[in-house]
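So the structure is just underneath, and the comments pick up after that.
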């Protein structure tokens, strides 16, 4: 369900810019890790592959990096077919999840390693390595050993080591996964800044939707070896194409419904507004912050089973015969908070009721 | 800094209800895990011990459960001193972080284990075990082995096994830590419901502030073997007593400031509103959602370094000479979003500028 | 499982193939003597070597009907049974404090415990001989051999059971305590059932080691014969196909026992599940 | 580290104390023979046993100046050096495909690889004797002993190096490939430097095993003497304090080597850091 249309002529040379994956299949034994992937990543964009573990996002990254050979399909980078090239001959570099810093080399030697392999003269390589360390704010750490650095510093060394070779594409494999929340948020801002500074294409793999949304120009949401949706963070949040995407990106409430025009009928008989689109059996998805309590026309009735003050908002769980699980409502701080057990009415505007294919709960 | 005043007469018998820890110290060798803890937990409340790893929260739980002996101090449960009693003689039961289900017994045998130890007749114990399994919605799973259950089901068996003995206090040691986000949110609602149903005192340990805030009546925020703040979620979020608490609960921006009355002067010379309290050098804390862009009087200037659409809100990072790190602003969806690199003015109301002791960044 | 890198240049592919071939040759070389030993024991040629003139079970028949072999087998099994019992009981009990308690020098003991495993059997034999004969003035017998072998086998049981105890989730024992079980109930209902496979594996292991042990036994058993000693004395008169057959039988027995010991944890789990299904049905 | 449960009832506390005492007794019993052996080697009493009539180094002096001991030491070291070299090179190369490749039956090979370690030396000795003498008609010599010992020591090196390779973060090799290193550069600059401590530990281990090996050597070395064989033949004439001294020396040597092998990873790391500090200063 990629939004990139397949090219009319399969044998035509792809666009010379960016990355082009064409009909890529990867089988491990009888297990398919990727089931036919068509994906074009533009030159210079910050692109995220987002999905749960096992969705094929890391396999995709490994295919681009050259660590894994595709079973079928072609991979082009900047107009050059690369799928038969070993990793050391591809114009890409990788920041690994574990950072993979060489523990027996100093930070400077780590960063210089790639240039040494390219037989760059020692003085040039020293200067470029120092520059790269400067880019990540670690000028002073060249003589340290990796084990003497904090997790965040190791991550930055890994970025410097990959960028020092000036690759056409930088691959990042969950590079912030091992760090704690506050540090992660700071490094997200830093990585986005580095991306703007160097202008290289970034392909970033993560299972953390907030991380993807906070940095990416475009996101490909993957599931079961396929791309389920591709678009900007806002496009995906506002218009998820499936229950899986809606559930994976942001919080959501789901209702089984029968839709006719812009009206959805819920299991308890209540009729609520929806964006329309398909008719008949459907799943209705509403974001917690889109629900209004004490709604007017087209409301559903329920009673409050939990109210939690969460700082920036108040979370209300409402049990209602209209839905299987409690409906989660996010109230802005300052709104009137109903008491535990109180009966409430819920409603939302038509645009906020997204209609999806009917499907079972995840 | 507990809000519970120390009792006037240290030898008087504590309140017969709830849990009372009096001057509890726990040393491991020369390392102090707890440095003098005074804590009263009320009968029937849902109480959270919240803090980072190593703060002493799990040690506190283990002291109440009887797995660890205090170096100094007394522990009273429902008017009975228990600190010298082995765990099997205390009126408490525990839900362990790893669940600790006996892998060689069926679910029913697991739940019945505690009653068997109490020599409850087999027919009575079977009935009560079935009841407890019903409470957590697992009536049908009695004959399964633990390895055949999902993580969420195992967690519920652990709750049933602990509750079947009808303890005065139920201790929960990060019981949702191993589960994924969506399941954790559902079980949070379920646990709160079970708490209301059985009326037992719950003492819940977690490092996840959202989890603590969503369920607890009161929270004790721990740090370095002490209680740093004790109160309801709202009290703590709105009025953190220290930079540590502010940073741990919710997102926050910190400014070094010199405070006089209700005005704080920042390093770049700008003067902003604050709640006042102390005078002189201080740290000013403002929540991201309390900051208004394009502010009027008493504003600080900066420029936007990142804008991220995160669904329920839009996160703006603003670099300003007034603060060391980029200031994070949370805009409600629908607000006007400034462009990347644009100059902006930030301000907030006096009540939102919380004045804390001066201190270095965490 | 997977290669470190799947996409290879041609040079790298050739190098890998060569290395694989070389490694296979090494493995063949390592196993060849044992394979040949077994092969020759079925060889009709009565010099117990190439050429293989035909297949026969005669040497096995001869070995099985030899009264000297009978005696050696009886002694071997008697000694092995005693050694197994001693090692399993003593080893299990000694494993607990090693993992659980605040025994002084616990880490030191653990390292030193590997010594009886590492120390050449020759030295254990010599030192026990000094102790028993020169110091205690004991008569050498099956019992002295049992003690000597136990010195060598018990550490294996200790280490196996200690490893299981180390991996044992302490929370399980805490949970049992929390639910009202006292120390003995915890041991009986939770700990022992769960470490039982390790004890059994340790016992099987001790049994196998005892079957095969030569040098300690040789020094300490006096006039008696175990199977390895029988083989050794026969070899002195020359290699015969009968000895090959006896050695092959000893090998087969040892390998079977080791295989069972390795497969034990899974077997126990499966058996338990089957019992569970019957009791709860 | 900690007890499973700290707060105990009185009964449980007594039970624990008893168990600890019992375990300490077991450990003492396991180490007693070795300790006595060393003790007696310093005993002035010339029967090499209790009573201890005084302390002396005379038996060591006698052992060191004995020309038979000289010859045995020379042979032992020559054999051990060759065995070490063969095992280290062959074992390291054979470890790679075991961990990395899609060798057929890889899991099978890994299990079978433990066999030469588990199989009694007696059987290895017998089967190699059959192979060398009856099949190849070779003359027994130091070289046949070297081959025989290598069959026994190489699997240890393979397993040690394979364990290190198993724990080796594949991402490191991927990172090197990603940064432009071809297969040989990856091996030279990343893999070998990082598994070097394991190879060294394996070599030391092989050396120690070779020093102490008795039964395979006894069958295969022909007329030559190694230290263990010397001790064995001396013991036949009766236990003397000289033999105790030689055995103690062999023990001390083995233990020192083992200690170094265990401490190696840390030593290498420290040495590397010191070198780094000098080069970058």
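Should a chain be cited, it is by its letter among A, B, C and D, assigned in written order, with residues numbered from 1 in that chain.
Everything that follows uses one rule, which is that contacts are C-beta pairs under 8 Å (C-beta built on N, C-alpha and C of every residue); 3 or more make two chains touch, one makes a residue touch a chain.
None of the values given here were measured: they were computed from a predicted structure.
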Pair joined by the larger number of C-beta contacts - B-D, A-D: A-D
Gap in Å, rounded to a whole number, between the CA centres of subunit D and subunit A: 52
Distance from subunit D to subunit C - Cα centre to Cα centre, in angstrom: 18
Computed distance of Cα centres, subunit B from subunit A, in Å: 29
Multi-chain contact residues (two or more partners), subunit C: 4-5, 8-9, 12, 174, 177, 182
Junction residues of subunit B - those touching two or more other chains: 66-67, 86-87
Topology of the chain contact graph, where touching chains are joined (line, ring, star, complete, other): complete
Residues of subunit D that touch subunit C when the two form their complex: 3-5, 8-9, 11-12, 15-16, 19-20, 22-24, 26-27, 29-34, 36-37, 40, 47-50, 90, 93-94, 96-98, 100-103, 109, 111-113, 115-116, 118-124, 126-131, 133-135, 151, 154-155, 170, 173-174, 177, 182-184, 208, 212-215, 219, 228, 231-232, 235, 239, 243-244, 247, 250-251, 254-255, 258, 262
In the complex with subunit A, residue positions of subunit C that touch it: 2, 4-9, 12
Subunit A - residues contacting subunit C, complex: 28, 66-69, 83-87, 89
Subunit A-touching residues of subunit D, taken from the complex the two chains share: 169, 171-172, 174-182, 185, 189-190, 193-194, 272-273, 276, 280
Subunit A-facing residues of subunit B, complex: 182, 185-186, 189, 192-193, 210, 213-215, 232-234, 237, 247, 249-251, 287-289, 305-306, 308-313, 315, 317, 325-326, 328, 330, 332-333, 362
